[in-house]
Amino acid sequence: MTELAVNLGGLQMKNPVTTASGTFGFGPEYAPFVDLNKLGAIVVKGITLKPRKGNPTPRIAETPAGILNCIGLQNPGVDYFIEKSLPYLRQYDTPVIVNIAGNSLEDYAEVTRRLSAAEGVAALEVNISCPNVKEGGMIFGTSCTMASEVIGVVRQNTRLPVIAKLSPNVTDIVEIARGVAEAGADALALINTLLGMKIDVYSRKPVLGNIMGGLSGPAIRPVAVRIVWQVAQAVQLPILGMGGIMTAEDALEFILAGATAIAVGTANFINPRATVDILEGIKQYMEKYGVKDINELVGAAWN
Amino acid sequence: MTELAVNLGGLQMKNPVTTASGTFGFGPEYAPFVDLNKLGAIVVKGITLKPRKGNPTPRIAETPAGILNCIGLQNPGVDYFIEKSLPYLRQYDTPVIVNIAGNSLEDYAEVTRRLSAAEGVAALEVNISCPNVKEGGMIFGTSCTMASEVIGVVRQNTRLPVIAKLSPNVTDIVEIARGVAEAGADALALINTLLGMKIDVYSRKPVLGNIMGGLSGPAIRPVAVRIVWQVAQAVQLPILGMGGIMTAEDALEFILAGATAIAVGTANFINPRATVDILEGIKQYMEKYGVKDINELVGAAWN
Amino acid sequence: MSFCGIAEVVINQKVGPEHYLMRILAPELTRLAKPGQFVHVRCSSVLDPLLRRPISLHGIDYERGTVSLLYQVVGRGTQLLSEMKPGAEIDIMGPLGKGFSIPDRANRVLVIGGGIGVAPLFPLVQALKRYKIKQTVLLGARSADFVVGADQLASLEVRVEVSTDDGSLGYKGFVTDLAEKHVKLNKPDYFFACGPNPMLKQLLKITRKFGLAGQVSLEERMGCGVGACLACVCKIKVASGRCSVAGVNEGAPIDFEYKKVCTDGPVFAASEVILDD
Amino acid sequence: MSFCGIAEVVINQKVGPEHYLMRILAPELTRLAKPGQFVHVRCSSVLDPLLRRPISLHGIDYERGTVSLLYQVVGRGTQLLSEMKPGAEIDIMGPLGKGFSIPDRANRVLVIGGGIGVAPLFPLVQALKRYKIKQTVLLGARSADFVVGADQLASLEVRVEVSTDDGSLGYKGFVTDLAEKHVKLNKPDYFFACGPNPMLKQLLKITRKFGLAGQVSLEERMGCGVGACLACVCKIKVASGRCSVAGVNEGAPIDFEYKKVCTDGPVFAASEVILDD
């Protein structure tokens, strides 16, 4: 038997396959295609204290082997989420990781408190890396001091495992990873989107409603693998790796680079069954190459 | 008639289409496919003071809509270049931009002096952004102080136009662009490759001989366009834009974002006539949409 | 439930200057399909182009288990679609979205299609016919060759009127002018429309002026197609005291919420949509 | 000069468990082609997979203006190649590289192909025949079904010997063992070889031991294919006093320079190549 269970900073998961925040809604959207019980965890769309309308359209643009998005954290707010979305998710035997964002430290603190008091939240993924909102978001994630402050505040307000989600748009991500580790993060989520844009040469205007957006999908995978590789060897925290994972091979690349678990994002849009297909592929690889425990593969490419 | 001539920080070019350093050799390689006289300029492979062997193989890996390379600045050294490569290039009525790199400030200074004394060098592109060499290279380009120092040293040793080639692997590229502008750069080349890597899940080893490499090609275009857009609006220097340009439309995206000229890199490998095809496509676009002078399009997407 | 998997292209033929008709054998999908719904198709088996493309159901043949798509080549994805040969495999997902719903009180219905917007109107027209509801179909296009499907509609024995921008076929002018005339003259009691945003915007002005209720099918760029990514939103009036929902409330900002074209739509009640420029 | 453009696939058929033979009508390219050269082909018209793939010229038909490629499906690019139908357009660039050169002094030649390495040896064998040089061809493969082209070679009336790792055809063992036997027994005066690196490494040990001169065709991952990117380098001994070029200079580091497989090769003098593990 192949052992697939992993522990992500205190969060016990039956397998390493999760969903990337913002690409899997709140669960029911992909339920027609995926048995949600099969997933290692479900990471839901970013939640803020108050509801947010998000950005004007167009909110998505296709790029070579990638997409740009500028959703702008549209979400119904934490109270609505706890009341309406959590009960649905509680039906499943799969831990729910809530991705949170805020405009201020106080926002992060309050969202953390409310979610920690709610039933059925297994961990918090702290988004300090959203490129699509004016206040907060990425600005928190590109400064080491601010990143640590946010994680510190979340840490003080919860006993749940805290996963810090970092921005790749920085000179030295290892420094930031060290900062949030010291501030009390239990795990790291790597990576959020790269800041990008696209111009329509016929209208001579930016394509996206918000001008810039976050680049995701297979195009960014080499950058994401590199970041996981660098951080995993420098910082003693488990990593939730993501960025362009489409197949089991892609997922294994992240695990070999040092990720303990992986998240499937953009791939869901192309293959709604991507998560379970990837899980199946990982199992097959392990059987074929005689890998008994997935944890043997974590960081196995280092030497 | 459409006017295609542009001026890149003192370098007069008959059209905005150039080649990206390292992707077009020293000229003769693509001469069977391209009339070199048609190009706005030729940017040659990075040159260092002493010959360099470069990195072990594999030096290239394919990624989704992109490639990773870790050539490691293999080159025959500045003297060989001046003696053997420049005479060939002087046959053509096309300005030659020499891309230079070094391990130390003194290296940069000496290469600059030798090239400035040689006949047939039209401008220097200063590579402070190579991700594939241990000393020098990118480390110069990710620190604002060091970037300015290198450009300052080159500036002091030449009257040629100085183009600073920046690394995208930074938190705040505008800050670095401002720094090199103050240090005396006449133009900016944006962008060099993104740091990335790839792991072979069967051998469980990094694919590249040098482990990490630089990501180029269409995959990175959204990041490159975003950087040109940001820098062009913040810094008063002309920009040589590059990163994933495959077609005339792609080139126009950079020009609309604020680039005065563009460089074709990875695309040469896929279509050896990419440079001239792109030039032709730009002309057709201008004729179709009644653009008299290409300079009208520079930054035309800003408002 | 939705289907997602490989289906077989049965026919893929050129039916207009840039228009193609593709029939796909997909019994599981067809069984669930309703007029106004769409499918999300992959145009390539590799990673470029990456995203699926949303295309409306133009024909639903429950007996043969096939759906047809009527699509216009506008970019790379539709270009690749048009190159698929009969027998080819296509990766298709659907049916998706909420389709048209036919209200009990509708007796004389006006159906308006602009450009490729005619595509989803066919199964609607057939359904209206089955319900024996009187209908007139107005089709607008750039020029005569861009009018697709008029003959087919005529063969269904419904009244069809055509307008072209250049007058090369039918009424010379916009289909919205034709619609306004028709509304004045024949006083329909309901309408359905699909077409480009400027057309819908103009049409909403007219129908709101005359107090005509109806449904419109919207388009927006999509990621997932299933309501997960929030890319495809459109502005929907918030049913609060703060704004008038009857007419276009010039000047005063109308309060809105973003709804998803892929799952809340693509068909919305005409009274609730807000179309920006 | 080199050709780069669209050519027509004439034949593309399966000829082994993972092997395909593609014939391409490209008169301009064919006219320039020499044994040992290669072409650089695009496997997709979109941006994924992005790079061209280098494939040797397996057949050169100057009269018909066609070249043929013998290739093994090992990844996505070759998979896509294998799916091309006769009549399809293929984006092809070449001929590239320096091919084999036949030395005047060669009288009894040994030709060794390992795996798909046989591909470029066909036009060489034909040329050797034209020059009336005696030759023996040794082919090595995993197992019987992986031996391709033995029949064709036999039909050229050259002596062919086969080895398979599992003994399912011909000699059981590595083709390098066969080569060593042959060198000892028949004392050839020159050799040509193409195959995987471990095979070439072993072969170089043998030929160096016996002082046999020859040429080997190397493979390396390529970007441009024209000498511009410096991706495809291999280690070539520097002809300086500092190192022995005759034997493998165990222990002492051999000084080398990187040369380009695409333009300095793919064929190199056996005496000058250094193969790492």
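A, B, C and D label the chains in the order they appear, each numbered from 1.
Criterion: contacts are C-beta pairs under 8 Å (C-beta built on N, C-alpha and C of every residue); 3 or more make two chains touch, one makes a residue touch a chain.
Values in this document were obtained by computation on a predicted structure and should not be read as measured data.
Considering every other chain in turn, the ones in contact with both chain A and chain D prove to be B, C. With B-D and B-C as the two chain pairs, more C-beta contacts join B-D.
The most distant chain from chain A is D, comparing centres defined as mean Cα coordinates. Chain geometry summary: the mean Cα position of chain A and that of chain C are 35 Å apart. One simple way to say how far apart two chains are is to compare their mean CA positions; for chain A and chain B this gives 34 Å.
If you average the CA atoms of chain B and of chain C, the two centres end up 47 Å from each other. Looking at chain C, one finds that residues 47-49 touch two or more other chains. Residue positions 64-66, 217-218 of chain A are each in touch with at least two other chains. Chain contact topology: the protein chains form a complete graph, every chain touching every other one. Only residues 64-65, 218 of chain A touch chain D when the two sit together in their complex. Of all residues in chain D, only 47-48 touch chain A in the complex they form.
Residue ranges on chain D touching chain C, taken from their complex, read 44, 46-49, 76, 80.
Per the touch definition, chain A reaches chain B in the complex via residues 63-66, 68, 142, 169-172, 194-199, 201, 204-206, 212, 215, 217-223, 225-226, 229, 244, 249, 252-253, 256-257, 285, 297, 300-301.
Note for the complex: chain B touches chain D at residues 22-25, 29-30, 32-33, 45, 53-54, 56-62, 64-67, 69, 71, 74, 217-218, 246, 266, 268-273.
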